[in-house]
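Both complexes shown next keep subunit A, but they swap its partner, so subunit B is in the first and subunit C is in the second.
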Partner chain A sequence: MNPQYASLLIALPLFSAFLVPLIKRAGRKVILPYLTLVTLIQTGIAAWAFKEVYTTGQPIIVLAGGFQPPVGINLYIGHFAALFVLIIAIVSFFMAVFSMKAINVEPIDKYAMLFLLLMLGATGMIATGDIFNLFVFMEITAISAYALTGYNKTGEASEAAMKYIILGGIGSSFFLVGVALLYGSLGTLNLAQIAMLASKMNPTVAQAALALLVFGLAVEAELFPLNAWAPDAYQASPHSVTVMFSAFVVKAGLYAMVRIVYLFKDTPAFMGILNLILILGTLTVIIGELSALRQTNVKRMLAYSSIAQIGLIAVGFGVSTPQAVDAAVFHMVNHAIVKALMFLAVGYVAVTFGSPHIENFKGLGKRMPLTAFAITVGAISVIGIPLFNIFWSKFRLLLAALQVGKTGIVALILGASLVEAVYYFRLIHTIWFEGGGEKIEENLVLSIIMLLLVALIIIIGIYPETIWNIIQKAATDLYNVANYVKNVPLLGVSP
Partner chain B sequence: MISVYYFGAISLILIGLYAILTKRNLLKILVGLSIMETGVNLLLISVGYVSGRTAPILTEGATPQTAVDPIPQALVLTAIVIGVATTALALTVAINLYEKYKTLDIEKIRGLRG
Partner chain C sequence: MVKRALAIVLILITGYWLANALAQVPFGADKMLVGKYYLENVKDQTGAVNAVTAVVVNYRGLDTLGEVTVLFIAATGVAALLWRKKRERTAKSEGSVVLQTGSRLLLPFIMLFGAYIFIHGHLTPGGGFPGGATIATAFLMLYLAFREYEIPHKVFEPLEGLAGMSYVIVGLIGLAIGGYFLFDWIWQTWQLGHDNIGKLFSAGFIPIIYTLIGLKVGTELTGIVDNMVKEPKEGGQ
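Let's look at the complex of A and B:
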């Protein structure tokens, strides 16, 4: 098949989102099955792109309108993008299935549209090769995320959405100022060409532009000073949307940040920005873990835990040796799987009993054994116990930090795991050893999804080599900037 | 000597940021956000200005040598639309907040704690 068909990854969700109002005329019962179907097709296309990229070893370059970059916009679906587009599509498909159970408030057609646009925005952010196009996709993601956060129309949901809108507005303004600085000094918006010209840029301007871009993207990526919206939004948004935030919206922001910063790898501005990312990441881990300790709302606790994990990933990128980047990408994938499972299971409990408060988890082991089992596996995995997937990524992160002699980071990772152990074992204790009650019939489809994710966690935990090979290729795509530039066919520009 | 365009645009951004950080009324914060976005758009457009040239429209007698940089104009066009969309969404959320809490003071809107 022609590789240009990979543009369907963007076109399909966009077109399907526009069709939702027409589908609504056929009755509101068909909207959620339609959403499931679209996300299933998206998964198929993403799987095709994934197979194509990993068998040929060459990235898919989609040229918008046939114009060669840097005149036209190009999509760059390399090893990293192919992997993450697949993860986005699969998680979206699972969440579309979950929505049938979890979303029963009106207007359901708007929910479906925003859901598709959120998926589109995240896919675009990861696939694009143009910095302004990245901004546009980031805003698509952000605006659908604002609207989905406030979707429940309760006071809390509106409050969380308002915080997110204001912080996101400041962030996108900063980002745009950074873009203006880059464009003003280099005269190009194409990422590959920016990388090529980066060494010619005035180091002070480059540092200021990068700092602005990092701060702008830190809102989406939930790094410390700008992540105040995240726990509120996770708590107040619909359960399926929380999964999407944690599993891929954050990762798209983090990826965009790392992609842009690594373009400046060989310039004097690079080290300063890495230190900034390291400091932000470390603070994110500390604040996230300590806040998670004293939560009684389980969804909020998971939100803080999720923020802390993002901090660990950022620290990995801040160390920036090839080993550390490998480990950080591995942690990104593992965290996406585990948090999809955890938020799905907790959301299911909240749908069944009305709220995700810790009271409702008493005796869950007797009432909903399968869901309780899923939460337990997820929790044990996040702590980083051997034979589960996150053990390997945390271990690799430790090794990478030791290699460059950063003992502070080793202490940070171990300390974070210790704090995680405290609050996750408290949750597990509540689930299995307190309270009691009648057994409740669990939904078959959701049980299958949860078991699939549990199986994935354990399989990666026992046989990490297969996925490790994929991860290494994906990470090389991130830090090997020379190769990235070489792969983009720039018109009339010779390196 | 810094150009008056850059100075004005950055001042607008800072005024907007000041309003967001210090005001307690939600609507004033949103006004600050709008001012900030306007400042950013002005900054973007002044990046592409070339002294003494005209609008980049291909008409009789106009050549690429007589036009200013057209790319920032496309960027600003997009950014304006995005800004309006964000503002519209923020205002609907503000209406909803007022209905639920009967106030627009952000110190008093505190349903979420933790």
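Let's look at the complex of A and C:
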């Protein structure tokens, strides 16, 4: 098949979102099944692209408009992008199914449009090979995220959306100024060509531009001083949207940051920016874990825990040896699986009992045994206990930090796991050993989704080698910039 | 007081830091790496006389599709956040007779000019976004002059979706004919209007796409205005 068909990954969600106002005519009931169908097709296309990239070993280069880069925009679906586009599509599909249960606030048609465009934005951010196009997709992601955060229209949700929109707006402007600086001094917007010309760039300009880009993306990537919006937004947004935030929106931001920073690998500006990412990541872990410790709202607790995990991933990228990047990408995948499961299960509890407050989790083991089981497996996995997936990524991260002799990071990872153990075991204790009650019939489809994710966690935990192969290829895609540049068919436009 | 002083100091430091970096990018130096290519090839490859249009619609078409989407999200987001079952206009007073008559007279002219801007995007400055914004201004004027005015929602909402869908479809036809998404099939495969450069019927699919964008932007901005001037009705949810 023509590899250009991978552009359907962008075209399909767009087309389907524009189609919703017409679908609405057929009645409110068809909208959510329609959403599920579209995300299912998207999963199919993503699976095809994934298979294509991993069997041929070559990235798919989509040339928009048929113009070669850097004149036109290209999408670069390499090993990393293929893997994450697939994850985005699968999580979106699960959440479309969950939406049928979780979304009962009007207007459903607008929800479906925003949902599809949030998925589109994250897909585009990860697939694009052009820095301004990255900005456009970041705006698509961010603006649909603002609207979805405030979707429930409670005071709490409006406040969270307001915080998010202000911080996000400032971050985007920073990012745009950084892009302008880059374009001003290099005359190109294509990522591959930027990497080629990076060494010729004035170091002061490069440092300023990179710092602006990192700060701009840190809002989306939830790094410490700029993540104040995140816990509120996670708590107040619809449950299905929270899952999407945690499973892929934040990762798209983090990926974009790492992709851009690594383009400057051989320049003097690189070390300074890496240290900035390391510091931001470390602070994110510490603040996130300590804040999670005192929460009584389980969804908020998970939000802080999720932020802390993102900090760990950022630390991995900050260490920047091949082993550390491998581990960080592995942690990204594992975290996406585990947090998708946990926010889904907690969201389901909140839908059933009205709120995700810890009170409602008393005796959950007797009332909703399957959901309780899912939360327990997720919690144990996050702490990093052997035979579960996150153990392996944390372990690899530890080894990578030891290799470069950064004992501070080792202490950070172990300390974070200890704090996690405290609040997650408290939750598990509440679920299984307190309270009690009647058993409640659990939704069959949601149970199947939860069991699938649980199975995935345990399979990766027991046989990490199978996925490790994929992860290594994806991570190589990130840090092997020379290969990235070589794969993009640049037109002979040069200074 | 201390807060304000601190903020000023911080802004000055940031400004100095940025200015320092900007000083290293000399103004007016030749940085036309990709730009030169656009200027040299724009007529052959796209048929547009207006190079900006060619870059926006042809060379970097994906960005424009994204921007159209951003606007769509903004309109949808406003509609989602302000959604109530029963809403109505709450303007307190009617506009003066001069205002009402004036806006009645001006309306067709503004509409015409807006359409002119987006149809001639490949020839004159402007294009779909300014054209669409001009058309939305005409509707804004109606909302401000008349207390009871309301746009026909049954037409506007599907039109908005249809315009966006048609943009994607034009791109998908390019994928089917030329093998690339957003490929300019009218210009590059059918070669329509090749001896017509600089006149109205040229520039491949640019006029088509700009008409679609004009319609979309016009309906969307009008929709945002409509959503924002209405308030929940007493007794409504």
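Simple rule for what comes next: the second predicted complex is superposed on the first by the 492 of 495 C-alpha atoms of A that agree within 3 Å, B and C clash if a C-alpha of one lies under 4 Å from a C-alpha of the other, contacts with A are read in each partner's own complex, and residues count from 1 in each chain.
Note that in this section contacts are C-beta pairs under 8 Å (C-beta built on N, C-alpha and C of every residue); 3 or more make two chains touch, one makes a residue touch a chain.
Predicted model, so just to flag it, every value in this text is computed and none were measured.
K.L.:
Once the shared chain is lined up, is A:Tyr111 touching subunit B (first), subunit C (second), both, or neither of them?
P.N.:
Only subunit C is touched by A:Tyr111; subunit B is not.
K.L.:
Once the structures are superposed on A, label A:Leu14 by its partner contacts, choosing first (subunit B), second (subunit C), both or neither.
P.N.:
So A:Leu14 only meets subunit C here.
K.L.:
More residues of subunit A in touch with subunit C or with subunit B?
P.N.:
Of subunit B and subunit C, the partner in contact with more residues of subunit A is C.
K.L.:
Once the shared chain is lined up, is A:Asp326 touching subunit B (first), subunit C (second), both, or neither of them?
P.N.:
neither
K.L.:
Would you sort A:Gly155 into first (subunit B), second (subunit C), both or neither based on which partner it touches?
P.N.:
first
K.L.:
Classify the contacts of A:Glu420 with the two partner chains as first (subunit B alone), second (subunit C alone), both, or neither.
P.N.:
Neither: A:Glu420 stays clear of subunit B and subunit C.
K.L.:
Give one of first, second, both or neither to describe whether A:Tyr146 is in contact with subunit B, with subunit C, with both, or with none.
P.N.:
In the superposition, A:Tyr146 contacts both subunit B and subunit C.
K.L.:
If you stack the two complexes on chain A, which partner ends up touching A:Asp477: first (subunit B), second (subunit C), both, or neither?
P.N.:
A:Asp477 contacts neither subunit B nor subunit C.
K.L.:
Who does A:Glu222 touch here: subunit B (first), subunit C (second), both, or neither?
P.N.:
After superposing on A, A:Glu222 lies clear of both subunit B and subunit C.
K.L.:
Would you check which partner chain A:Glu289 touches, where first means subunit B only, second means subunit C only, and both and neither mean what they say?
P.N.:
neither
K.L.:
If you lay the two complexes on top of each other, which residues of subunit A touch subunit B in one and subunit C in the other?
P.N.:
In subunit A, residues 132, 136, 139, 143, 146-147, 150, 153, 158, 161, 177, 183-184, 189 are touched by subunit B and also by subunit C.
K.L.:
Which residues of subunit A touch subunit B in the complex?
P.N.:
On the subunit A side, the touching residues are 132, 135-136, 139, 143, 146-147, 150, 153-156, 158-162, 165-166, 168-170, 172-173, 176-177, 179-180, 183-184, 189, 231-232, 235-236, 291, 295, 297, 300.
K.L.:
What part of subunit C is in contact with subunit A in the complex they form?
P.N.:
Going by the criterion above, the answer is residues 17-18, 20-22, 24-25, 31-38, 45, 58-63, 65-67, 69-70, 72-74, 76-77, 79-81, 83, 85, 157-158, 160-162, 164-165, 168-169, 171-172, 174-175, 178-184, 188.
K.L.:
Could you please specify the touching residues of subunit B with respect to subunit A in the complex?
P.N.:
13, 16-17, 20, 26, 29-30, 33, 36-37, 39-40, 43-44, 47, 71-72, 75, 78-79, 82, 85-86, 89-90, 93-94, 96-97, 100-101, 109-112, 114
K.L.:
Note which residues of subunit A are touching subunit C in the complex, please.
P.N.:
The touching residues are 2, 4-5, 7, 10-11, 14-15, 17-22, 25, 62-67, 70-73, 106-107, 110-111, 113-114, 117, 120, 124, 132-133, 136-137, 139-140, 143-144, 146-147, 150-151, 153, 158, 161, 177, 181, 183-189, 202, 204-205, 207-209, 491, 493-495.
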